[in-house]
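Letters A, B and C mark the chains in the order given here, with residues in each chain numbered from 1 onward.
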């Protein structure tokens, strides 16, 4: 059981590491946001599931396990809202990638409406 | 702004009360038989008071819509469908970031959405944002059809319908099963 | 028992690495996203430390930081859109 928990948390560390490397290396703002989603989904989920099992089986503390599960549901529910809000606000504020994008339907349609 | 109806008030109060029970650890105390009824009644009063003001933001149609067994089990099945899509997208983006050549091809595509209900639309948009590699940027109505604008890290298709199939995968079918 | 604190240190090091993006980031959106991610990584370290020490009080702190991080990034987004 302990080994399974360790593997879950190590997976989580790996995905968080990949997300951080992506955030440092990606060429423009929107691609960096994609990598930050990587941190917020699998970087969180492994720790949440592993911590839930650890609190149940090793510590025998049910209230801690319930709190960790609530925390995980909270992350999963709120993160896309914040990501969407920041992406839309950044585009409307005038953040553009240095290199041209392959296709930019949103910019074309915004120009037509204005 | 809609008026607050009684079922909307009741369902919001129940939701807030359950959340309060979970977060304060009272639910464990109930199962172990050491919860005091004064605390439970105080929590119920406060959650009822809060939901008087917040029910009209949450509930816009039938309040206990999700409790029909077919929809509820579709929701439970959707969790696993979504976890599978999430795993695929996570591995893809993680190895894309660790690849020394950094193979990205970003772009914003326009994708039609075939879901009617507004809860279903927002659920599909949030699912798309939560999978790494795609972010929903806006929702627009265009002569009766709803469109998403999606930022995609690796544009494979520029045609709206084909890009929609590649991004939404099997998620849209399950969301239609839940909400329509 | 000890490996939990080791993983927590890994998360803290990742959060410190992300400070580079927070300081240098060319646009406001980069900084907001980096701050949000640092918040999440610090919360993961807090959860692991709560499990390591066996005290539930750190979970409450993690919950409060999660709520504040979400509100902060939505606030930045609304400010950028000019609707605050």
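Structural remarks
The working rule: a residue touches a chain if its C-beta (ideal position, glycine included) is under 8 Å from a C-beta of that chain, and two chains touch if they have at least 3 such contacts.
On a predicted model such as this, the values are computed, not experimentally measured, just so you know.
Taken as a graph of touching chains, this assembly forms an open line, each chain in contact only with its neighbours along the path. Each chain gets a centre from the mean of its Cα atoms; the one farthest from the centre of chain C is B. Chain B has its Cα centroid 15 Å from the Cα centroid of chain A. With centres set at the average Cα position, the gap from chain A to chain C is 11 Å. One simple way to say how far apart two chains are is to compare their mean CA positions; for chain B and chain C this gives 22 Å. For chain C, residues touching at least two other chains, in rising order: 56, 63. Residue positions of chain B touching 2 or more other chains: 23, 25. Across the assembly, chain A contributes 19, 33, 63, 67, 70, 79, 81, 83, 87-88 as residues in contact with two or more other chains.
Of all the residues in chain A, the ones that touch chain B in their complex are 14-15, 18-19, 21-22, 25-28, 30-31, 33-35, 37-38, 41-42, 62-63, 66-67, 69-70, 76, 79-81, 83-84, 87-88, 91, 97, 101-107, 109.
Those residues of chain C lying in contact with chain A across their complex are 3-4, 7, 10-11, 14, 17-18, 20-21, 26-30, 32-34, 36-37, 40-41, 43-44, 47-48, 50-51, 54, 56, 59-60, 62-63, 66-67, 70, 73-74, 76-81.
Of all the residues in chain B, the ones that touch chain A in their complex are 19, 22-23, 25, 27-28, 31, 86-87, 90, 93-98, 102, 104-110, 125-127, 129-138, 140, 149, 151, 153, 155, 158.
For chain A in complex with chain C, the touching residues are 6, 9-10, 12-13, 16-17, 19-20, 23-24, 29, 32-33, 36, 39-40, 43-44, 47-48, 51, 54-55, 59, 61, 63-64, 67-68, 70-71, 74-75, 78-79, 81-83, 85-90, 92-93, 95.
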